[in-house]
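In structure tokens below, several structures.
Shared between the two complexes below is chain A, which pairs with chain B and chain C, respectively.
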Partner chain A sequence: MWASASFVGVLIIIGMPLWWKTTEVYRVSLPYEKISSFKPLSHFVTTELKVLANDDATASKIVSEIQKAFAESDIIKIKIEKTVMSERQQHILRSVVDMEKAVEELASTLDLDQENIFHVVQKKSLSHNIWVGNERIMFFDDEKASETIVKALDGWIYQTSVLRGARSDTPDQARSTRFPPESAYHITLSIVHPRPDTMQVVWNAAEAVEDYIGSFVDELSSLHNFTLKSQWLHLLDFEFQAREIKEASEWGRHFAVRQDRLSLLLTRLEERAATHVSELSTINLALYIVPCDKAPIIIYDNEGRKNPLSIQAFMSPKWGGVVIASPPAEQCSQQVREFEPSVGQVMGAFVSHLRELLGITKKDAIEGAHLEPLRSVSPRRWEVDALLRIRTLEQVTSAERTLQSLAQLLEEISNIVINDEVGASIAAAVSELEAGAGEGAGADAARAGRAHAHAQRAFTHPSLLALLYFPDDQKYAIYIPLFLPIMFPVVLSLRILLLWFMGKPVHKEKTD
Partner chain B sequence: MAFTNLMLVFIFNLLYLSLSSGIEIPEEFQKSNHTNNWAVLVDTSRFWFNYRHVANVLSIYRSVKRLGIPDSQIILMISDDMACNPRNPRPATIFNSAHEQINVYGDDVEVDYRGYEVSVENFIRLLTGRVPPDTPRSKQLLTDEGSNILIYLTGHGGDGFLKFQDSEEVTSQELADALEQMWQKKRYNEIFFIIDTCQASSMYEKFYSPNILATASSLVGEDSLSHHVDSAIGVYIIDRYTYYVLEFLENVHPNSKRTMSEFLAVCPKSACLSTVGVRKDLFNRDPSKVPITDFFGSVRPVILTTDPINIVETPKRKKKTENKTKVQVKRDYVPQFPMHLVQVT
Partner chain C sequence: MGAVVKYVIAGLVRYWLIHTDFWHTLSNRVEIATPLNSWKRLIEGVYLYDQNINPYEGDAFHESPIVLVIFHYLLKHVPYSLPFIFSAMDLLTAYLLYKTSRGFVRIFLNCQEKYLSDVSQESKDMVMTESQLKETSEYVLSVYLFNPYSILNCVGMTTTVLQNMLLAAALCGAAHGYVIISCAFLAFATHQALYPVLLIVPTAMILAEVNKGCNKCSYIKTLLAFVLSWSFVVYISAFIMDGSYNYVYNTYGFILTVPDLKPNIGLFWYFFTEMFEHFRLLFVCAFQINALILYIVPLTLRFKKEPILLVTVLLALSTVFRSYPCVGDVGFYMAFIPMWKHLFTFMQQKFIVACAFIITSALGPTVWHLWIYSGSANANFFFGVTLSFATAQIFLITDLLFAYIKREYTLKNGSSRTIDGKPAKLVLR
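Moving on to the complex of A and B:
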């Protein structure tokens, strides 16, 4: 009796809870309530706007128009400050006709280098309603330009549609084009020379990359780190399946390449472009030198229209860009052929590809507004501000969504282990997100980057697969053959034990 | 009486309204998210007599490459080396037909996971992205929210599991959970799942994530059969389902207008001897309107450049001054006999 009791005591009373406790999935306590309270779609960015006009009435009208337009915007909150210009400023604007010079002179009185502050300044007798250049300043003519100002602020300066796309669950056009947010990228410039025996190509790739691309990425150093590389790929050729079209030009012909053939060129380039050398994403820029017998190549788009530009280039979202350079006819007619592609033209195309791939979108034309075309590799100051805002919003919402999906996964799949490292990453991410939200304002760029990195690390931590071979439905397949034979007599003897405990006679007394 | 009539009319109206208000997601909406194609091709069985599984997966690999998916976006996992197997009478080749016309091994096959690296853990890590930190980029599935993934599994399977390497199994629940984790992390836009094993359809029964179209070579309770034997090599060379799939894919070229529903109907019971199973309920679009190239081709959008920057002044990057002081390195010979180490008493 005592033997059965001790069996029952050890197995059921001590053993079962011990087994339950030791086989539970180890999970560090996570802030589930905080994670479920995140609302990714409620985030917004804040920015400052200064309006300067010749008199108070104009300034007030402009400010009220802008406020009315952005009042219901849930994606951007603008703090507007209005000022009447000083005599000196008005004098500068009246006397200086050239816009760039006016900006330069005005820069001494206004601080145009402060990030995230944009200025809207009145300058009479403009040829358009508004003028926007490279610095954080917009000139407008008079109060009749208020509608154009609002459209320009919405579409060019603040890019509210791109901001909305960065925050939303489904990607928009801009988000499908730009590279996902990371702390660092590699940029590789490959010069593809299919027939090195027939032509000599003179190009200093290292210098071109360093100067042109280097100057461009230096402006974005607050967002990402960049590693610049260049390489020559010889004897890599591609069958364009081009159609020869005779025409009256120095060549007498050109070769028409269809746009849908170009994606296969990217496949061919990927074979040798060695993008796997590093663990970071690589932006591929390729310069394809067309051999003399296949030159010149002109790309025809899907509707059959010829590409009229002097530079034939295309880009592929989330991959990179390609420039197809054809040598001039006079070089090919010589004995020793030497081709020197124009560095400025080629790098101009590459930088325009880089801009789109890193998030600086194309600006649509607005009636009555003049956007000064770019003349150098550096992006416009307010474009960098806009990019910072877009990336911040993207990273904050992505971090929140990652944490929320991780919490949902943990609920759905019960045998995932959360060890201390992962728990620490999640806690760090949550604290960064809370600190940002606690400021009551928009999102801070560095904090967003850290939160995003922590959330990514937590979700893709290799240890989350620890209990792979012990799913619930198979757990019992292991326990039952081990423990059932032992528990069988123990459970059966429970009845007898109970009777003995309650004092009833156990054995049937022999009655005579 | 009137009241019940009224109730009946009311219920009937409700039913009619609920049935007719089903929202159809337009084609362009789903398609607009699709930016690139990936393929994960896995062969899970070892040993010489499973030659046909390696031939299966390599034939699919060839077709997928021919239709344009680059090697950098194909993850090929092969468990055993048949080409250099000592029992192979045609060394360094793998054929998928007794006519031995095409060497599917070829010169440019890129196997990402080979031999014992093909394990359940590696497979699930690959799918969910939880690879160890030093994994090379070519061994990772670097998909994003716009990627369509083609997953092809072949080997020996059973009801609810697929055998890996003759020693372990992946269950259908684990696979379903892995795909759900991919969905949560937005690692795919759509998945096309093909499996060619015995009782194959049991592997996709447990899927619960959206945007997955699955097809299997046999239903639960049926065996998938192999096609023919090559008497010169001495083993079965290819499986029936994959043989007919390849026949179909031979006629598909990169600009093809064939649809997925034609692919799903590729092997009737008369040819395959097992019934091909299809799971469409998790897939939003109608397969008869989905082109084959959505999963099998290389759809990389190409945008022509219409506004290159006109650079007026040549930029010059400010060189960071590197403090490299050139130190004259003095070199001399190490003494031949280390007398300086010996204590002279």
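Moving on to the complex of A and C:
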């Protein structure tokens, strides 16, 4: 009797704690309460605005108008400072007529290079109500332009609708187009030359990338790191299924490609463009050289309207842009064909694609406001500021949402391993969010970036999946084949043991 | 005279077989050579030690440093007489087993004298006489000398030969009442392969029985002697390895954590090939508890009057459930079965067990060949045969135990199975 009792005893006393200890899932404790207290929709950005006018009344009126307009805005808090212009400044503005020059002269008195500070300056006798250029300065005519000022601030400078889209649960059009926030991107320029035997293309890709794209992304170096690459893809052919249309031109015809056919070109490019060389996202810019027998190609949209521009290009959200370059007729009629695409036009198209893909949206026209068109590849200073604000907000809200969904997942599924790395990433993200975007404070850009990186790393860490395929019922499938046969006689003899312990006679048997 | 003939023939058979071509095949067969005891790994370890490389750094060598030093000396000075040495060790083991069984017989008779009053009237003729028991020692000798498992073990030149010798010496010492000798040899055997530590319990009981006097002091003496010898042996091994205890990971650690899953006649390898990483620790612990801890207390409690049965059963159980068994271990405990000749009439499954042994021993190498060389079978076949072999061994053990209990009952109560006139059934509790 004692023998059976000791057998059962050993099994239970040693076996149960052993089982419990050796099959526990390693989970680091996480700050669940802090994570659930995040409110992604409560974040906002802060900025500064300086209003300079010829006299105090105008300045006060403009300031009060702007304050009234942005009072209920929960997405951006503007700190407005009003000043009356000094004699010297007023003299400069009166005497200099050319706007660019005025800005230059004024730059010595105002500090236009400080980030996130915008200046609204009065300049009499403007041809429009307001004038906005490349620098962080807006000229307005008089106090009657206050409405236009507010519209311009809202739509162009601060882009509150895009900010709201960056913060919201569902992405708006701008967020669907631009690449998700990351610390670095690769930009790859691929020149696709389907028939290298029939035509020679003269194009210095490295130089083009360095000059045009390089100068563009230099301005954005505070936001992201960029790696610029270029490659030639030969013998990559694509059947456009273009319809030949006869016309009166030097070619005598053109080939019409439907807009919905173009996305298939991207598939073809993806096969060879080597976009998966690194973990970072790649912005693909492709220049497709059309062979002579298929030239010229003109893109028609879905309603059947021709693309009237001289450069045929299209952009794909979150992927990149393609320019389709057709050689001129006289080149194709020669023996030795040589095609040199116009660098300025092609790279200009690419830069405009890049602006959209990185988050600089198109500016709608506002009545009475003049936006100076872009003369160089570099983005406008205040556009970079706006981009910084958008990215900050996006990163803070995305980090909070990521952490919340991760915490919910980890709480619900109890057999996901949380190892030290993941725990440390989550803790770091939470501390950065608390420090950088706490209650009532505007979002801090650097902390937002770090918080976002930590949250992403925790969320996509592969160690979380280590035990995901062992829900509790499957664990029993592992134990039972081995332990059930052993426990079978134990369980059967438990009844007898219990009776024996309680002192009752077991059976009428002679046992030894 | 007859005994000498047996020794000579057995020795010649072993010696001759080592010198044939079969030696190569046999020393590489998985049933005979495991990662713990194979000859190949031994000479590998000795060679590394010779070149002043630590043989425990890699995964090649898993013997204790004392064995390393012994064989280093032997291989350096007398490499050509190693077959002779192995055969001699085996013959010495047989002799020690003979002496052990003689001692056990004496203990049997003493025990019987003590409890003669309990024997019921009608079972008086079941009591054993001296002449009956004398034969058992002869049978033990023959079984060990001519058992194919022991012969194969010796021909394969595995270190299990050494281990069997140490175990036989320990049991011989215990049977004759020498505490120091038996504990020292048991400590050596434990140091080589962990599982003989189970035998400390029956050894203590046998020593207490043989050395009349207070039982408790005998137990304490035995335990003390064992612990001291074991610590001494561990310390000497560390001394050989220049003071580091790292060899423990490769010897005891290897036996306990089972990292090498080479197929053998045990049950561990198959389970652990399909084990998920997360559960490995649990299952290693469960298997080792099964082999080491689980059966000792219940069996001791139930059979405290018969320590020799405990020896037999614990040897057999540790062989079946250990992490790297080989046929040498099987051959060793089979030598103890003839001592229970008087239980054979009560055993009900002798035929099945014998057939199972023969069939699985023949089928094992066949499916191995099919699996590894022909590629038309797979691991399940081999494991199935191995599992049947283990089941046959377990049937043998339980049959033996059951037979013992039946005999005990019959001695006490006569051969009629009635309680108050009504027929009853015997149950193993």
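Here is the rule we go by: the second predicted complex is superposed on the first by the 442 of 512 C-alpha atoms of A that agree within 3 Å, B and C clash if a C-alpha of one lies under 4 Å from a C-alpha of the other, contacts with A are read in each partner's own complex, and residues count from 1 in each chain.
Rule of thumb we're sticking to: a residue touches a chain if its C-beta (ideal position, glycine included) is under 8 Å from a C-beta of that chain, and two chains touch if they have at least 3 such contacts.
Keep in mind the model is a prediction, meaning the values are calculated, not measured.
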item	value
Partner chain(s) touched by A:Ile149 [first = chain B, second = chain C, both, neither]	neither
First (chain B), second (chain C), both or neither touched by A:Ser352	first
Partner chain in contact with A:Leu465 - chain B first, chain C second, else both or neither	first
Contacts of A:Ile478 with chain B and chain C, given as first, second, both or neither	second
Greater chain A contact set [chain C / chain B]	B
Partner chain in contact with A:Glu412 - chain B first, chain C second, else both or neither	first
Which superposed partner A:Thr22 touches (first chain B, second chain C, both, neither)	second
First, second, both or neither for A:Ala3, with chain B first and chain C second	second
Which of chain B and chain C A:Leu11 touches, first, second, both or neither	second
Which superposed partner A:Leu52 touches (first chain B, second chain C, both, neither)	neither
Of chain B, residues touching chain A in the complex	33, 35-36, 68-72, 120-121, 124-125, 128-133, 136-138, 144-146, 168, 171, 173-174, 177, 180-181, 184-185, 254-255, 298-318
Sites on chain A touched by chain B in the complex	170-171, 176-177, 180, 210-212, 214-215, 218, 259-260, 262-264, 266-267, 270-271, 275-276, 278-279, 299, 301, 307, 309, 311, 313-319, 321, 343-345, 347-349, 351-353, 362, 373-378, 402, 405-406, 408-409, 412-413, 459-462, 464-465, 468-469, 471, 473-474
Residues of chain A that touch chain C when the two form their complex	1-4, 6-7, 10-11, 14-15, 18-19, 22-23, 466-467, 470, 478, 482-483, 496, 508-512
Chain C - residues contacting chain A, complex	271, 276, 278-279, 281-283, 285-286, 289, 293-294, 297-299, 301-302, 405, 408-409, 412-413, 419-420, 424-425, 427, 429
